[in-house]
Amino acid sequence: MKNKKKMDLKEAVDQYIKDGSLLAFSGNVLHRAPMGFIREIVRQGKKNLEVVKTAAAMDVDLLCAFGLVKTVHAGFVSYETKYGLATHYRRGVESGIIQGNEHACYTVICALRGATMNVPFMPVHGLQYGGLLHENDYFMVVENPFEQETAEPVTLVKTLKPHVAVIHVQVCDEEGNAIIEGAKYEDALISRAADKVIITAERVVPAGQLKFQKDKIVIPGFLTEAVVEMPKGAAPCSCEGKYDVNHRDIKAFTEADSTDQLKKWVASYEKQDHGRSYTDRQRGVKS
Amino acid sequence: MKNKKKMDLKEAVDQYIKDGSLLAFSGNVLHRAPMGFIREIVRQGKKNLEVVKTAAAMDVDLLCAFGLVKTVHAGFVSYETKYGLATHYRRGVESGIIQGNEHACYTVICALRGATMNVPFMPVHGLQYGGLLHENDYFMVVENPFEQETAEPVTLVKTLKPHVAVIHVQVCDEEGNAIIEGAKYEDALISRAADKVIITAERVVPAGQLKFQKDKIVIPGFLTEAVVEMPKGAAPCSCEGKYDVNHRDIKAFTEADSTDQLKKWVASYEKQDHGRSYTDRQRGVKS
Amino acid sequence: MYDKSDLMTIVISRLLQDRETVFQGVSSHLPMVAMQLAKALHAPELVQLNIPGGVNPANIRQADYSSAGSDLTRNAESTFPLEEIFDLSMRGKLDVAFLGGVQFDYYGNVNASVIGTYKKPKVRLPGGAGSAVLIPTAKKAIIWRAKHDKRTFVKDVDFITTRGNLWKIVTPLCVFGFNGTNLTLDALHPGVTIEEVQQATDFDLDYQTIYHTEPPTTKELQTLNKIDPKKLRGLEF
Amino acid sequence: MYDKSDLMTIVISRLLQDRETVFQGVSSHLPMVAMQLAKALHAPELVQLNIPGGVNPANIRQADYSSAGSDLTRNAESTFPLEEIFDLSMRGKLDVAFLGGVQFDYYGNVNASVIGTYKKPKVRLPGGAGSAVLIPTAKKAIIWRAKHDKRTFVKDVDFITTRGNLWKIVTPLCVFGFNGTNLTLDALHPGVTIEEVQQATDFDLDYQTIYHTEPPTTKELQTLNKIDPKKLRGLEF
């Protein structure tokens, strides 16, 4: 009963990620994206996924590389300057396979706030001009019903409610209380917006062990559905306090120019991604 | 230049509180209300004030006792069980002097969120039934413009933007970086919702001294307009880590049954409320 | 030996199930104690939420004049502030909310706002605090009320602050349920007769079978006194 | 000796005034360095804001492949996350925002979205990130662009991601201003002629008097090299 939230990676992806799921991922650009979890989504071939994120990079690009993505809701999809553009995402949108729903990062935030508050839309100041407003049906401009005569029109953004938020953290207990070191980005927000929260953690400690660090807990356990222990679970992205980006592995991915090479890239992580659970099973440890 | 935010209590009230101001106060019921600041508002006789708070107690009741309040926007105005009801607030509303704009505590929160986002209203789930919706013009029910045919109507609450948030904290630096120990209540929210933020603090430390506690800073200095050092500034309410409620003084207030007694009660705090600045001036210390 | 506050606290604690998320607000000592009792007895994984944001405070012994103070955060397991508790309920993920009120009618309407009319009240009440949004959205709203008389259980409330997912009303005499349409008499407390309840209630009681509350067990009473030695649960009696 | 990235960084730093709140996003090494430079030289109380939420990071030397990493929080003064920076700008309290873009036209329209049409793009660009809400709401939006050519400064943008409170566009050749109606030529960088800028710009330049950027001072260059020894400001050149 107590530890039922803790499970291995395969089980977590199998149980919680469905074809067509709307997913939210932790981190920002190349930082603390739940890459190990995403690689397992690739291995299990979940399809027609939607992803929502303020600023995405390799997380979205990897899923796009395998044709698993239907729609991306984001303000920015690219590696930063040093690593160039998100080629697979771009090609997908340009060829019409992927719908690129461009937001301002802030309208993503507002759309997720709508989900945390269970309202169908969120008013958003600032998005007053330009093509995003006209081209996209997830924005609307309405009158202010409190002051119809005099007031400025108000832009609304339609709520985006992720089915699952996948959040990689440095440490978490068996009950799902999760500590994030360094930048939190929009992780608290997605943990509240999503219907279900999955934590992948560098280290999973027994329940109660985070008591003396309670002020650092960003996601309380009762919001968490599943906990997966995954050392190096953000690699080759960075994970504050644990490791920085793996330059070589990012390059290996961005320079891969065939499906075969991409598959090999994912396969090269197989042992690392499943490592702890494999070891546990071999030892007969119940976890 | 550097320390221009630090000022004495009289100056802060004189400069920032105007007749008719909409004020937001820190804390909740009998905890960490900025009582010293409110007593100075009484001394200076600021009038026609509006106050917004989720759950208010002595803060609002004190201002009402002196007839300084025009409107209260709150979910709850009362002492807790042990100290009974907010008599002055009640009488004011019952006699028609004070407009008691009843909210759910959550609609206060949503109205303040509207101010943080600079939008004129906020959709709010949950307020679907009852008289509050019908009697108050700050709630409206509209269609969901994204799904007009099929969708549930949506309740909107009109934004409340405080002119000033007055927040009492345990420690703050000269730049206005403020640390709140224990419960934060809605203090971060009001600090973002209000046009101006005034911090009253048990202790004001030199700029830079909170650097090693930066993760505890709830209000960054650039949001703060004025800083007032006020030991015992929440008394007779509680201030976590510093002092608990002063039972005798609360009773003295709730049992006062004449204007004269009420005035004496406020006067009895005069030295304490101005103590530090008086002492500083006598010593010729520049602060 | 037990009194009404002991009984009500124990009855309420029995309503809480393991792993439920449960919220208690201001002026709520009795349910605060009941949550601790449930956790000690049959619901070890209960998630206790409160205004100061302390999730599962280890004890409540310092909360003597307030059920909303920072003492509840001092030895909690994590932090989840009021704003987010409301959001949680809006999303349908708050299992139980404890709320008050001053008048209740047969149709499950709750008044915590005014006696008289809203704009010109004869009596301005403290206000419903979270009620107006939590009673419609929490899965189960539990109301407790230390008084059971005809001014409390009325034919028509003066003002409808809210209604909705009202689940139980626990009084010193009985437990009411709500069937979606009207209040029903769920159970009489030990030694209470149906006539007593009817005499203290201004609407006609709706019941089919008469059930009785199980008296408190020795274990319940012992644990209760250990959890709440200062008898905070009795503050409003 | 200085190159284009040094010059642009110094020009941008001069645009920042003491006590202003200034935001820099992803892929923004050059303005990140400019903010630090301004703080070191003439704006000691500048409030530097960034995506990871580190207010006034003490240094930026570890930010080598990203201007959005946790290194910016490690030795910051306080924390103010992205969500709140946007809210701040919505409230009219963000003084300066640094933003990018791929195409700019005479009328101050910014395109960071697509080449071609939005629904069937020839090239899908990374997206405007914060631009679409920050350019209309920040008091002064500054755009920097490492390229100055006719594909960048176009007659008509393919798509209007946003427009609004555009204040300056800093390029390797010049600084554009915006008078509310159209881009104006504010200043030519040292050694650059008006003809060079016109040849690299697809719309007719609007100017009355020709101003020149003051060349970097020795102090500016020395401080710049101290702040940014790895020359992160040159990453996009």
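First chain written, first letter: the chains are A, B, C and D, and each begins at residue 1.
Here is the rule we go by: contacts are C-beta pairs under 8 Å (C-beta built on N, C-alpha and C of every residue); 3 or more make two chains touch, one makes a residue touch a chain.
Predicted model only: the values in this text are computed from it and were never measured.
Peer 1: If you check the contacts of chain A and chain C, which chains show up for both?
Peer 2: Touches both chain A and chain C: B.
Peer 1: What are the mutual neighbours of chain A and chain D in this structure?
Peer 2: Output, common partners of chain A and chain D: B.
Peer 1: Which pair wins on C-beta contacts, B-C or B-D?
Peer 2: Ranking B-C and B-D by C-beta contacts puts B-C first.
Peer 1: Distance-wise, how many Å sit between the C-alpha centres of chain C and chain D, to the nearest whole number?
Peer 2: 57
Peer 1: From the mean C-alpha coordinate of chain B to that of chain C, what's the distance rounded to whole Å?
Peer 2: Centre-to-centre distance between chain B and chain C: 28 Å.
Peer 1: Express in whole angstrom the distance between the two chain centres, defined as the mean CA positions of chain A and chain B.
Peer 2: It comes to 38 Å between the two C-alpha centres.
Peer 1: Roughly how far is chain B from chain D, going centre to centre by Cα mean, in whole Å?
Peer 2: Computed from C-alpha means, the inter-chain centre distance equals 39 Å.
Peer 1: Counting only residues that touch at least two other chains, what does the list for chain B look like?
Peer 2: In chain B, residues 117-119, 124-125, 215 touch at least two other chains, as defined above.
Peer 1: Where in chain D do residues touch at least two different other chains?
Peer 2: Residue numbers touching two or more other chains: 90.
Peer 1: Every touching chain pair, please?
Peer 2: Contacting pairs: A-B, A-C, A-D, B-C, B-D.
Peer 1: For the complex, which residues does chain A have touching chain C?
Peer 2: The contact residues of chain A facing chain C are 2, 115-119, 177, 192, 208, 210-211, 214-215, 217, 220-222.
Peer 1: Please give the residue numbers of chain A that touch chain B in the complex, ascending.
Peer 2: 110, 114, 117-125, 138, 140, 142, 144-147, 151-152, 154, 156, 158, 215-216
Peer 1: Within the complex, which stretch of chain C touches chain A?
Peer 2: Interface residues on the chain C side: 21, 45, 47, 55, 76-80, 84, 87-88, 90-92.
Peer 1: Write out the stretch or stretches of chain C touching chain B in their complex.
Peer 2: Touching chain B: residues 25-27, 29, 51-54, 64-70, 72-74, 81-83, 86, 89-90, 109, 113, 118-124, 126-134, 136-137, 159-164, 235-236 of chain C.
Peer 1: With touch defined as at the start, can you tell me which chain B residues reach chain C in the complex?
Peer 2: 28-31, 54-55, 74-78, 80-83, 85-86, 89-90, 93-94, 96, 100, 102-107, 109, 124-132, 135, 181-186, 189, 238, 240-241, 245, 247
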